[in-house]
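Chains here go by letter, A, B and C, matching the order in which they are written, and residues are numbered from 1 within each.
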Amino acid sequence: MDAAVKPTFKVLRATRASRAGGSIALILFAVLASLPFWADSSWLRLFAEFACFLVLAQMWNLLAGYGGLVSVGQQAFVGLGGYALVVLANHTTLNPFLCLPLAGLIAALLAVPTALVVFRLHGGYFAIGTWVVAEVYRLLFANASFLGGGSGTSLMALRGIPKATRESITFWIALVLAFGSVALVYWLLRSRQGLALTAIRDSEIAAASQGIDVRAVKFLVYVIAALGAGLAGALYFLSNLRISPDAAFGVNWTAYIIFIVVIGGIGTIEGPIVGTVIYFLLREFFGDFGTWYLMTLGLVAIVVMVKFPKGLWGYAMQRLDLRFFPVQRRVQFLEKETS
Amino acid sequence: MIAWIDTIVQGVLLGGLYALFAMGLSLMFGVMRLVNIAHGDFILLAAFAGMALVAGLGVSPGVALLVLMPLAFAFGYGLQRGVLNFALGRDILPPLLITFGLSIVIQNALLQIFSADTRSIQAGALVTASLHLGEGLAVGWLPLMIFVSAIAVALALQWLFGATRIGRAFRAAADDSEAAQLMGVDNRHIYALATAIAMVVVAIAGVFHGIRTTIAPTDGPALLLYAFEAVVIGGLGSFWGTFAGGVILGVAQSIGFRLDPGWGILVGHLAFLAVLLVKPNGLFPKTR
Amino acid sequence: MLATHNLTAFYGDFQALFGIDLQVDAGEIVSIIGANGAGKSTFLKTITGLLKAPRNAVRFEGRDIGGMPAHQIAQAGIAMVPEGRRLFASLSVEENLKMGAYTRRQGRFDLDAVYALLPVLKEKRTQPSTSLSGGQQQMAAIGRALLANPRLLICDEISLGLAPIVVKEIYEILGRIRKEGLTAIIVEQDVGMARLFSDRLYCFQEGRVSLSGRSDALSHEAISKAYFGV
């Protein structure tokens, strides 16, 4: 090729929305960080819960939307994270807040042997296999009498800390986790591994033929998702102060996460954010309707899956070409071909 | 010693029920690679419907089952044609999420109608009658009946798949759905028939389950997991493998329960994980 | 018997066929040749209903079959020997043949007639179809299509991956059926074989018909020009 020929295209990775999005995120973070100084403590607790679901949704989206690993057993790591926090905080001299990252690490560590087992199953069977593993963890904790067995135990280590301090620190942790999970997924998808992940999602066989170690990438994603779920679980029970096997390892965790991701839009970073907001709005307004509310959630998820498989955000994105978190590379041709 | 023999025998009989749970799941997966997460909830739906028929109309459980079977067939056919057919394809996500959604809808609908109380199908003396086999060893007529029914269902399915035109179409569509269409097979109809037949098996499983033990609307997921474990332990592709998987799971749980009442289900799960680690394709995979 | 008029086909946004006009008369063997990607397989997919065709673009025995689902087109009397055979792997040889008769169309071919024509299949009838050699598999695929008693038989790349002697044998068998009045479309990579075995020939290039005519009247030069587009 003639060395004098200038490239006629450049690779774009940012969009106008994404540059605006970056500034908006910074401002939002700063405003939210000041919340404990002026807002009601019920807001702080609500946000902590919001952060749990956002982190879980981001992680599940990474797993299923990008990695093709449809897990219905993420409650395994929520529970492990929660229990790890409670055990570490109650039975060691460590600062209970410092136990939270450790709890996440423990969940990630336990994801390694778990992956060894569940990766032997594929597709839909992988999904149910992860569920079985979560049940195994639940039953193990339900039989652990020193942790209160089936009725669970309380987080005693925080007793000496004033309520306001406890709630503020928990809130800040939640804030960091919420923004951190989005940033992590964003960074991961824009990295080399992310490119591999997208290739795998599109075609596993083609990706393998391009020299991508499909198994290794999926394994990495699985462990990262477990880390996120473990942190979210630890945060949830740090805020709730009481843990039991049924609350920690209940399949409802995954049910809500799936609803959030499907409604918001699977395979996008914005989708889980939108989904979490919608989920909390629905819960605030209709949560009192109990079974009718849950039935409606299920039906809505089915209808969205059949009619709008890309979710609300995917639908909006198609209409408006709006991307706050562009993870794809777009080629822009600088001049028209004249030949 | 005799106590352990009793444990094994009870486990084998329990396995018959699990085999009934599992065969419907296995059938749907075998024909269309569809993993039905709502499978356990369908079993409970059938159990509650049976209970409502027995309690409401005062008929015997057998009559209730005879009424339920054609209803289940029609329900399965409609479910597949009306909903699930739209979710089939290369992407595994839609069928999983749709059946997961169905699971939640069914659970909460049952909660709404029947409340969270546990109850069971009234079957009179059948529940307690047993056959004395020797010192310390007796088998209940009901578990025996369930076991024999499971064998009958496995035989019927084997005949259907192996010796009939529909069965050939099931297998052909599973192998290569495009080529099957070229032979004149209407896949949407064939898939709907597969789900319809699976739901008939589900109805049988549900009614027996409702007679044998107490049922609550939120039990569905547990039943799904037992069915799934039986299928994977047995190895995909044959109903007898699934049957054997059910029996192995039943025995494992029975041994677990004998060791400690809190361990029964856990030991069942662990047996499943052990099989998965040692023989990921199941103990009796189809060789052909 | 079969006529397409301005037939187009799309994979999503990608257009693969640009207005194909093709005709097959009763008792006639028509071959389609063309390089890889010329649109031959796409054409067969639209004829058999695996790919949606415009409503009025395909006429078969006086009926518009464009856009009909594949199973109805099979019922109407078009059977295909698909590329790569595509026997059903978990079915025995005889079960594969019986799948051919799934439409229950009546006619000259029943199991016995196919076994008489292809005796090797009778020997292996209870074996899994995967245990057959390549040539035997191709015969099973042909036998399976014949059991549908088709009005129109379509053979897609039946010589692909087979030894020349086996190809000869297979065409010899098709020749026997031809004498009884076979109507067929033959898609072939082997241009020589395609010319020899057909009455008329179409050459496809980039989704269009680049040449058509009586097989014995077309010159080598004309064919290679239409084939390669140079």
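To be clear about the criterion, a residue touches a chain if its C-beta (ideal position, glycine included) is under 8 Å from a C-beta of that chain, and two chains touch if they have at least 3 such contacts.
In this text, all values refer to a predicted model and were calculated from it rather than measured experimentally.
Greatest Cα centroid separation from chain C: this falls to A. The busiest chain interface, judged by C-beta pairs in contact, is A-B.
When every chain is represented by the mean of its C-alpha atoms, the one lying closest to the mean of all protein C-alpha atoms is B.
Distance between chain centres (mean CA atoms), chain B to chain C: 43 Å. Inter-chain spacing, taken between the CA centroids of chain A and chain C, is 51 Å.
Centroid to centroid, with C-alpha atoms defining each point, chain A and chain B lie 33 Å apart.
Across the assembly, chain B contributes no residue that touches 2 or more other chains.
Listed for chain C are no residues, as none touches two or more other chains. Of all residues in chain B, those touching chain A in their complex are 29, 33-35, 37, 83, 86-87, 92-98, 100-105, 107-109, 111-112, 221, 224-225, 228-229, 232, 260, 262-263, 265-266, 269-270, 272-273, 276-277, 280. Those residues of chain B lying in contact with chain C across their complex are 165, 168-169, 171-172, 174-176, 178-187, 237, 286, 288.
Remark: chain C residues 48-50, 69-71, 74-75, 79-80, 82, 86, 88-91, 95, 98-100, 102-103, 128, 130, 144, 148 touch chain B in the complex. Interface residues of chain A facing chain B in the complex, by the touch rule stated above, are 64, 68, 70, 72, 116-117, 120-121, 123-125, 127-129, 131-133, 135-136, 139-140, 142-143, 251, 255, 258, 262, 266, 291-292, 294-295, 297-299, 301-302, 305-306, 309.
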